[in-house]
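Two complexes come next, and they have one chain in common, chain A, joined by chain B in the first and chain C in the second.
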Partner chain A sequence: MEVTMMNVVKRFGNFKAVDNLSLTIKDGEFVALLGPSGCGKTTTLLMLAGIYKPDAGEIIFDDKIVNDVLPKDRNIGMCFQSYALYPHMTVEQNIAFPLKLKKLPKKVIDEKVREIAAKFRIEHLLKRYPGQISGGQQQRVALARALIKEPNLLLLDEPLSNLDAGLRISMRAEIKKLQKELGITTVFVTHDQTEALSMSDRIAVMNKGKLQAIGTPEDLYMRPKNMFIAGFIGNPPMNFLEVGYIMDGDRVTLKGKNFEISLPEEISRTFIKKQNNERIVMGIRPEHLSVGAEAPNTIKGEIYVVEHLGKDKLVDVKVGDDRIKVLTGQDFEGKMGDTVNLHLDFKNVHLFDAADGNSMKRVA
Partner chain B sequence: MKNGIKTTSLSRAAIYILLIILSLPILLGYLWLFSGSISDELEFGIVPKRITFENWRFLWSDITIGTKVFPNIWPITLNSLLLSGSITLLEVLISLLAGYALSRMNFPGRNFILKTTIILHAFPGVALLIALYYVLNYIGMIDKIAGVVLVKVALELPMATWMIKGFFDEISWEIEWAAYMDGCSRLQAWYKIILPQIKPGIAAVALFAFLAGWSEFIYSYTFIFSSENYTLAVFLKNLIGDFRFLDYGLLAAAGLFYMIPVIAFFLISQKSLATIKFGGIKR
Partner chain C sequence: MSELEAKILERVTAKKASMEGVRKFFTALPFLGPFLFLIILFYLVPVILTFTMSLTSMDYALEWNFVGLKNFVRFFQDSSVKIVVLNTVKYVVYTLMINVGFGFFLAVATSYFIKNENLRLAFQTIWMLPRMTPPVVYALLWLWFLDPTEAGTLNSVLHKLFGLPAQNWILNHPMKVVIVANGLIGTSLAMVVFSAAIKSIPVDYFRAASVDGASDWDVVRHVIVPFLKWPIMFMTIWQTLSLITSYEYILLITDGGPLNRSEVLSLFSYHKAFSNYEFGYGAAISTVLVIFAVILAVVMLKVFGYDAIMMRGEIDEKRDKDHISF
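And then the complex of A and B:
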């Protein structure tokens, strides 16, 4: 089922929780709604579910406007953040509940429950109550309950946030595989970008009720539209440095307080031009910086602290008042106080307008 | 030097002694009631001299005190059960619906209702006796058990609704939403998903409603005249009659009989009642 939201607005009193959101989700697509806490993700999901009614705009399933269709008539499976299992029913009764409401014959229900329980490996829990199973098991029960009626749309509200790290990674893969198998259009809410990047076909990034961008994980990572996306996607986050834009013929130089970087011509050509001396923001990810020998066109700084991340080391370098984070290999031997030279991978330098935060990349 | 343990056990003993002294009058009262009901004479106030079940004769025969003949107690007991049962049923049913609406829905006047329920509860019902008499008379409900039921339910409802609302408030929205997503209508979600979760609360409200109905006196006494519609409370009052022919043994036995359901209820539900917390302050 294709899902479209058109100029959807939801207010709570005077507060706009969702502000003019437009978004199309293709049939069978897995879309993540990503954004910081309180940005309106759950509210958006609840509007798709039919629990909240939009104050303006339209929600369209395939070709039908569903603004006024009750949740029970939308055929949506939903998994809540708290799982919301019915505590007075056994696991089996929980899973069977949607089918019971449809008045299917008991034999059919039993058959389907057994089938889906096998798929989620919860057969041995069927007779227990939700209070008697672990969080990960509850999560699988909630998924089974959401999926048993073969919904046209699956809504997941941070289903993995209560699980431990190991379980989270295995459930990620499982949900993704299941979604592709069943081909159900799915909206997945999360504030964990790793989850969004690893699971979804496309990511919709929200902030303060507004859709910031929607695109494939690669799009958002490689070509962020604005500083919010650039800073939000990617971990550890992108470094931002305020610089002056200096143009000398065709040569673009970025002048910081304590460094000066000249962009190679084939790179500077990909950005729109600015006034001489205008303040702009340069962004570069820690993984696109490296520590090397003293050379022109590098940034000189002093190591402030070195963090071990397991596979890598994250080096915090002090450049004047600025801090720049650099990802290095495990074999990096620098210590606090050492002077280092940072080399930039120019292909991955981003420039942003300091005033509105929009990317200066030319659209091809 | 005293050590900590000694002080606590000492002060604990003091607390027990105090409690015993404080509850002694009540205990003695009940003891008197019990001994009095099974003997024809008491020694030292509370020790039965000779055991007899003569005082319990109202259970198997009509009784006469002086010139007055009292009706058989069983139809009256049935009346009391009918009264309390109807009050319980109506009160629970209405408060479950109203409590849900107040807890879950937004409608004009909701806040006003919430604030006034408690005031309504504190309103002295006796002050309404005459007005209620006129109203009941007007709608043809005077001298009927149903009339007393209506009055009692109306007066008890605010408190019951307030309590039930508190229980509904504790149920997470997500559970209710999940029910909608699974295909429930609002009514189905209410009785299939939400009600089962507040069973203890419903039981508590039902218990209070029943006991309030069982001990109801002033309205039955005022609004009911025909002896076939008497309730136990009115029957007891009439036993006392005009004090000239007061039979204490009989009164004690009838009083005990009247208390049986109350005692039974508390023995059964004491444990589960203690575990319930009464919400209701939150909105």
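And then the complex of A and C:
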């Protein structure tokens, strides 16, 4: 089922929890709704579920406006942040509940419950109560309950947030596989970008009730639309440096307090032009910086601290008052206090307007 | 470990446990003390006095002439006792149904269906009014409402609406009047308790149910009722006990009449003691009532699983212990 939200607004009193949200989710697509805590993710999900009615705008399933359709008539499967398993029902009764409400014959229900329980590997828990199983198991029960009625739309509200790291990784794969198998349009809410990047076809990034961007994980990573996306997507986060903008022929020069970087002509051309001496923000990811020999067009700094990340090292370099994080290989030998020269991968330099934070990249 | 050792160990732990218990009792005494004192003063002492009195033939002369179990024998032979007991059962069962049943209905209506906070408050306050009215005023309101003349409120309303002739409600339906009047007043307590319980159900359960396809009726049946199991049981026990022993509204509205038709045991005891000045006999009736109430309370607590009410939550501790991952 294709889901469209058009200029949807949800207010709580004077507070706009969701502000003019427009978004289309294609049939069978897995979209992650990513954003910091309190940005309106759950509210958006609850509007899709029909529990909140939008104050303005339209929610459209396929071609039908469903603003006034009750949750029970929307054929939606939902997995709540709290799981919301009924404590007075056994696991079996919990999973069977949506079918029982549909008044299906008991034989059919039993069969379906057994089938889905096998899929989620919870057959041995059917007779227990939710209070008697672990968090990971509860989560699978909640998923089974959401999926048993073969919904047209699956809504998952941070279903993995209560799990330990190991279980979370295996559940990610599990959910993704299941979603592709069943081909159910799915909206997955999370504030963990790794989760979003690894699971979804597209990611919708929200902040303060507004949709910041929607795109494939690669899109958001390579071509962030604004500073919020640039800083939010990617781990460790992008470095931002305030610089002065100088245009010299076709070359753009970025003038920092303690460094000066000239971008090659072919790179300079990909950015929109600004007034000379205007303040702008340069962004570069730790993985697009490297430590090398002293040379022109590099940034000179002093190592402040070196963090071991297992596979890599994260080097914190002090440049004047700024700090720049650099990702290096495990073989990097630098120590605290050493002077280093940072080489930039110019293809991956981002420039942002200092006033509104929008990317200066020309749209192709 | 040999069997003997095990036995010794068991003894020692048992003894330790009992000493622990004594120590705990003395630690708790300063906290429980005032309460224990009040219970003894206002509950135990009257019970003992009543029981002692029931063994006498005390009358208006207020003399303690002990007559053994004569009063109890008289009670079981008294021809009016049968009708009074029957009335009591009817009164308790039906009033309870209104109290708890209607209270539940109102709680669901005001806490689940009415989403507007102010409207809910207004509605609940209206139902609280009888509670806040002194019993005498409340009873007078009923007498006035049921006035047997054509000018009586109920009579004139029924006459205007359906052309029904005026009738003497209290004379014709004494039990029903008593039950309705008492039922409505108890309703507010149940309503408040149930409303609070409904409000404390995490909202995700309601949301999950409606996404799962539940209608409002399904939500009431599959979510609200199961979550309110304990409050409902508690209210049932509480109201049963208070109904068995209370009589003030009956006294004020029908005074047990006409001809014992709305007389219940507690009122019967009151009448014997304070109308006929047969204090000994009245005390005996009260004693029977107290014994009956205690037995009933114990049975109900057992049936409803008092242990389960108090131990609830222990199950949760098992959680996460048998964590089985993929």
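Side notes on the structure shown:
The rule we apply is simple: the second predicted complex is superposed on the first by the 364 of 364 C-alpha atoms of A that agree within 3 Å, B and C clash if a C-alpha of one lies under 4 Å from a C-alpha of the other, contacts with A are read in each partner's own complex, and residues count from 1 in each chain.
Throughout what follows, a contact is a pair of C-beta atoms (placed from the backbone, for glycine too) under 8 Å apart; a residue touches a chain by one contact, two chains touch by 3 or more.
Computed from a predicted structure; not experimentally measured.
In the model built by aligning both structures on chain A, chain B clashes with chain C. In the superposed model, A:72 makes contact with both chain B and chain C.
If you count the residues of chain A touched by chain B and by chain C, you find the higher number for C. Of the two partner chains placed by superposition, only chain C is touched by A:170; chain B is not. Looking at the shared chain after the overlay, A:133 reaches chain C, while chain B stays out of its contact range.
By the touch criterion stated above, A:304 is placed in contact with neither chain B nor chain C. In the superposition on chain A, no contact is made by A:346 with either chain B or chain C. Legend: residue contacts after superposition of the two complexes on their common chain; A:121 is shown touching chain C, with no touch to chain B. With the contact threshold set out at the top, residues 46, 49-51, 70-72, 76-78, 80-82, 84, 86, 88, 97-98, 101-102, 145, 149 of chain A are in contact with chain B in one structure and with chain C in the other. Residues of chain C touching chain A in their complex: 202, 204-205, 207-215, 218, 222-223, 226-227, 229, 315-316, 318-320, 322-326.
Put simply, chain B touches chain A in their complex at residues 172, 174-175, 177-185, 188, 193, 196-197. Contacts from chain A toward chain C in the complex involve residues 46, 49-51, 70-72, 74, 76-78, 80-82, 84, 86, 88-89, 97-98, 101-102, 121, 129, 131-137, 145, 149, 166-167, 170, 174. The touching residues of chain A, when paired with chain B in their complex, are 46, 49-51, 70-72, 76-78, 80-82, 84-88, 97-98, 101-102, 145-146, 149.
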